[in-house]
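Okay, handing you the structure first.
In this document, chain identifiers A, B, C and D correspond to the written order of the chains, with residue numbering beginning at 1 in each.
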Amino acid sequence: MQTILSIAIDALAFGMVLFIICIGLSLTMGLMRVVNLAHGAFAMIAGYIASYAARDLGLGYAASIFLAIIGTIVISIPLERFLYRRIYGSPELTQVLMTIGLTFCVIGITNYFMGPTLKIIPLPEALSQPLDVGFRTIAAHRLFVIACGAAVAGGLWYLIERTTFGIKLRATVDNAAMSDALGVRTQVVYAISFAIAIGLAALGGVVGAEFLPIEPYYALRYMVTFLVVVSVGGAGSIPGALIACLVLGFVDTTGRYLMPDFGNFFFYAAVILIVCLFPRGFLGRAQ
Amino acid sequence: MHIMAQAGTVSAMPDAKSHLWRDAAGIALISACGAAGYWLFPDNLALLTRIVAVALLVLSIDLVVGYCGVATLGQAALFGAGAYAAGIACVNGVTEPMTLIAIGAIAGAAAGLLMGGVMLRAHGLAQLVLSIAIVQLFHEAANKASAYTGGSDGLAGLMVSPLFGLFEFDLWGRTAYLMGLVLLLLVFIALKFVVASPFGMLCRGIKQDPVRIRAMGAFVFPVLLKMFVISGAVAGTGGALAAVSTQVVGLDSVSFELSANALVMLVLGGLGTLYGALIGTVIFMGFEHVVSAFNPFHWMTMVGALLIAVVLAAPGGLTSLVGKVAASRQGKP
Amino acid sequence: MIAGKRILGAAVSAMLMGSVSAYADTIKVGIIGPFSGPFALQGKNFQAGVEAYMALNGKSVKGHDIEIIYRDLPAANPAQSRALAQELVVKEKVQYLGGVYFTPDAMAITPLLSQANTPLVIFNAATSAIVNTSPLVVRTSFTTAQTTNPLGKIAFNEGVKKAITVVSDYGPGVDAENAFRKAFEAAGGQVVEAVRMPMNTTDFSPIMQRVRDSGATGLFAFLPSGPPTLGFVKAFNETGLKKAGIKFYAPGDLTQESDLPALGEAAEGLKTSFHYSVAHDSPENKKFVEAAVKAIGSADQLSFPAVGAYDGMHVIYKMIEATDGKQDAKKAVDAVRGLSWTSPRGPVRIEPETRHITQNIYLREVAKDADGKYINKEIQTFPDQKDPGLATQ
Amino acid sequence: MSDLFRVENLSKSFGGLAVSRNISLSMPEGERLALIGPNGAGKTTFVNLVTGQLRPSAGRVLLNGGDVTQLGAVRRVRKGLVRTFQVTRLFSDLTPEEHVTLTVLQREGKATRILSRFRGNTHVADEVHGILGTLGLHEVARRKVGQIAYGQQRLLEIAIALALKPKVLLLDEPAAGVPSADTPRIEQALERLPPSLAVLMIEHDMDLVFRFARRVVVLAAGEVIFEGGPSEVAADPKVREAYLGNYAHARSVA
């Protein structure tokens, strides 16, 4: 029982990290129809900014997160304006080519300026303590991550289901031409959605740094994982992404506990099974 | 009506002939480039052989992506199946190079059958993810079966006997390169026939609109599966060539990275033309080689910049650029 | 007399000139390593080691200028490795090959050596069997078995009777698992469970849960240097295993110096065994570190591959000295069989039979130095360790 | 039971919404039937149900007395039940010649051959040019479909269908979107359809319907509300109500 609880809580934390990072990618892929393989690169940039802010500028954890999100969005604006806008509506493979190119560039430049070593983002005292939760100790940070994930899921749900922006966004996604005709400024909706997606990547990159450490190859190393999670959830669906992250987080964590030697087999076999059962992902939109 | 049909057949002849001439010229050009590579870079034959092996992989991706519209990021599973099959056969005493290539092609085709059978159950993004999952499983399997594959240490100690009992696979790599080049040409010619066959036309149709193809009374799944098998044989040939020429097989040959790189080369060169696959491979690998020798520490940024530049300047790949230039020339009075 | 002297002088100088034109050409050395990609830091360390050696010992041997040609091999890729080696030999006409970070890459090169008449000096690749694949291979790094071996005894002597091994699931990981099990069981301990985890594992909590459930009091771990080590060490602490008093042993890959600033506090007190610590206290090492830091640009980035490269260059210089610039791989390798010298890591010797380096293995502990920087502090020395991986074959 | 083609009580609903209700009709050899109805009456759904693109919720489709309801779209085509599409579905970078050649090869079971040339077969070429000639497409036979006029694309849809040598042909609005100047060419093509072929045509152009059809079926809200000769249609009160009511409704929305 103790072991099951313990595994469950680890799976939950890992799943939530995946969720925070991937939900942004799910939005760009599902809503804007851009296969943005450079998504992880933005999470990585945020990690570097946060690490720089915390270690070299001496800012606190919260301030570092804030600065990282803002900084990453600022960096993404010219990229959206000059690169991404040209590939909205392009064939998927063209988008793949360009975003891979962008990822390569980000890696090369990061490597040059920040060096190839691991960067850490020091946690505040409160989060770095192991916390005794009765049946085991757990890093307070993990609970924080779970809370962050829940907050992101709730916030996004509210934004999309309960605000005027959400209405415009859903309308634009269902029928861009019609929304345009009805006076929705779809370009602006796209730009804001892109910024939100990048902001979420940034948040995920920083709070997830304990799981996925920040180094230049971050952007490539986890590209596949992110892509798989988004597809399994169904691009564009928040609950879908949440379910996918939790299920895959659970499969991964349990697999690694029960049969660590075959951890990857479990994960990818689960992916194949899910994709065959739900060809559009758990909650993907019909084409 | 009878007269019209007559006129039709008469006019069909020069059309077919001009195609034949164009293909002959293309194949002559490829042979010339291959020979030029041999004479101009006699010291880089190992690299050139590697380009040939990867070109086979890229061609095989073109068959499924460019001609059938099935997106895959897992083609290295088929390349690796060919490489490991040839490698394991060689370690177990089958050392005749052409036999090894044939074994690789068969193993690749079998892996293609398996992969197609799974991947064709889904569409679009889900299909892409299936391909990734499959190549990762192959990778894991190769890592786990280290008794046969050497695992992460690689399968080393392939002693390939001389080609036709005459030509050794030596340090200078002449035999390997020339054998690879001839293989590439043969495969290329064979694929030219494949894509020009009714089957090839059917695939092009499926890529554009499977519903229309079904309304024509043709099944889609078996056609795509067949193409997967052909594609697997081509990729397996490439893998076997890599194994024979380098005498070692590593886990990288079944990696996601190799699959992704090869897809990037294809998109770079241009989808749906066999020439695009070759051009993309040569440009990407050549560029990578030159830049990484020139500055091994920062070539990644430059390769990335190249990819972005190509998307901005020639979204349809480099071959589309050639088409554009030709079109603008024709447009001039 | 004066005239005679002049004539003699002219003759001597003519002879010298002659010999110069005959021998004092440039000798090229090709170095293959991961200079870009996820392992770029290790490649940079290769380069730093090479440059440090040349800065301290000159850029020529017996009047032969040495030119280094670097070739980038970002990740394990035997086919490309072979292509690069072939190009270095055939096109660049290098007389010596060096470097090589990964085992499969080395395995791809060794079949070429006798035909190329070129020795290969391995700066890192750590699987025992490499040296058996060609008589022209010399290794100046270590093998996983070699650095792991002493840990079995140490663990047992510290009171660990039951241990669990956790290794990354690839060649060196399996080597480490076997070496530890053998040494630990020989000492009288019992390995209760052996876990192999996939290379791409990022969340180690479930593994730690398994360690806890196994009932072992000691944990032996092997992970390749790089990002995951951080997560592993943190997970060990955060899941309360450290507090529960479970003892943690690992070869030094886990706490390589370039990862220490990131590992920091989390790794404090961690005991690892390895052939080299940047903090090794000797005049040779001081000189080496100074020169290597200058070459690499930052003290934080210097790590063990640099010393493998440094000693590799020493071996290559000795080979050039012995052959006087002529390309004779067999003679070159024969010249360094049994060669011993004082390396920055301590006294070392090339075994005449195996051509692998025999060296001290140190037990080290992660601790703060006087400046508050984390170092691997050597606390115990196991002198003259051969490669047990080879001995068993 | 001697009918070539029969539909019995065909029904389809999406969720709770019934789009086809109990549709029954039959066609003998050589039939020329027009299926008309206001927008949203479920005409294209009907074609999709009959040809196997959609699975019916209930009912049967019979061809030559055999039940084909459980067969997929491809098998039905092979049994001679062929359709055209309301919005043309053609391959923009292939030529009409290539479209029809591919279709003929498919019919002959040669389309999946790898070891033969696409253009190698003279008797196929003869047949292709025969079909293209009948439909007046010989001039554009070598042009890419993306570059030929829409009216010609519609004709090509028919050419593809004919190349399958169908027994029953379902034409989904063959004249939709064609400039009125080109309509006569379509009409001509329809007149030349093989006499034994049973043809069901969905069409909005009433002139075309009246000239072409010997029998008319009117569909409204998924139901058959009229079946009879062309001359009786306009007089039927139910038809008038369906059309005019719908027309008035459509206007108020616009």
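By our rule, a contact is a pair of C-beta atoms (placed from the backbone, for glycine too) under 8 Å apart; a residue touches a chain by one contact, two chains touch by 3 or more.
Values in this document were obtained by computation on a predicted structure and should not be read as measured data.
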Chain of greatest Cα-centre distance to chain B = D
Ask   = So which chain ends up in the middle if you average the CA atoms?
value = B
Key: Computed distance of Cα centres, chain C from chain B, in Å   = 38
Query = How many angstrom lie between the CA centroids of chain A and chain D, rounded to a whole number?
reply = 48
Message = Report the inter-centroid distance (CA atoms only) between chain B and chain D in whole Å.
response = 41
Ask   = Got the chain A residues that touch at least 2 other chains?
value = 111, 261, 264
Remark   = Check: chain D positions touching at least 2 other chains come out as none
Note = In chain C, the residues touching two or more other chains are 36-37, 40, 44, 169, 198
Query = What chain pairs are in touch here?
reply = A-B, A-C, B-C, B-D
Note = In the complex, the residues of chain B that touch chain C are 42-47, 49-50, 53, 140, 143-144, 146, 150-154, 156-157, 170-173, 242, 245-253, 257, 292-293, 296-300
Ask   = Of all residues in chain A, which touch chain C in the complex?
value = 3, 6-7, 10, 13-14, 111, 115-120, 130, 136-139, 141-142, 210-213, 215-217, 220-221, 252-254, 256-257, 260-261, 263-264
Of chain B, residues touching chain D in the complex = 1, 4-5, 7-9, 11-12, 15-16, 193-194, 196-202, 204-205, 208-209, 211-212, 214-219, 222-223, 226, 230
Ask   = Which of the residues in chain C end up touching chain B in this complex?
value = 35-37, 40, 43-44, 70-72, 75-80, 82-87, 89-92, 103-105, 107-108, 110-112, 115-116, 127, 129, 133, 169-172, 174, 198
Note = The answer for chain C against chain A in the complex is residues 36-38, 40-41, 44, 169, 195-198, 200-203, 205-207, 209-210, 213, 226-228, 230-231, 234, 237-240, 243, 258-259, 261-262, 264, 298, 300-301
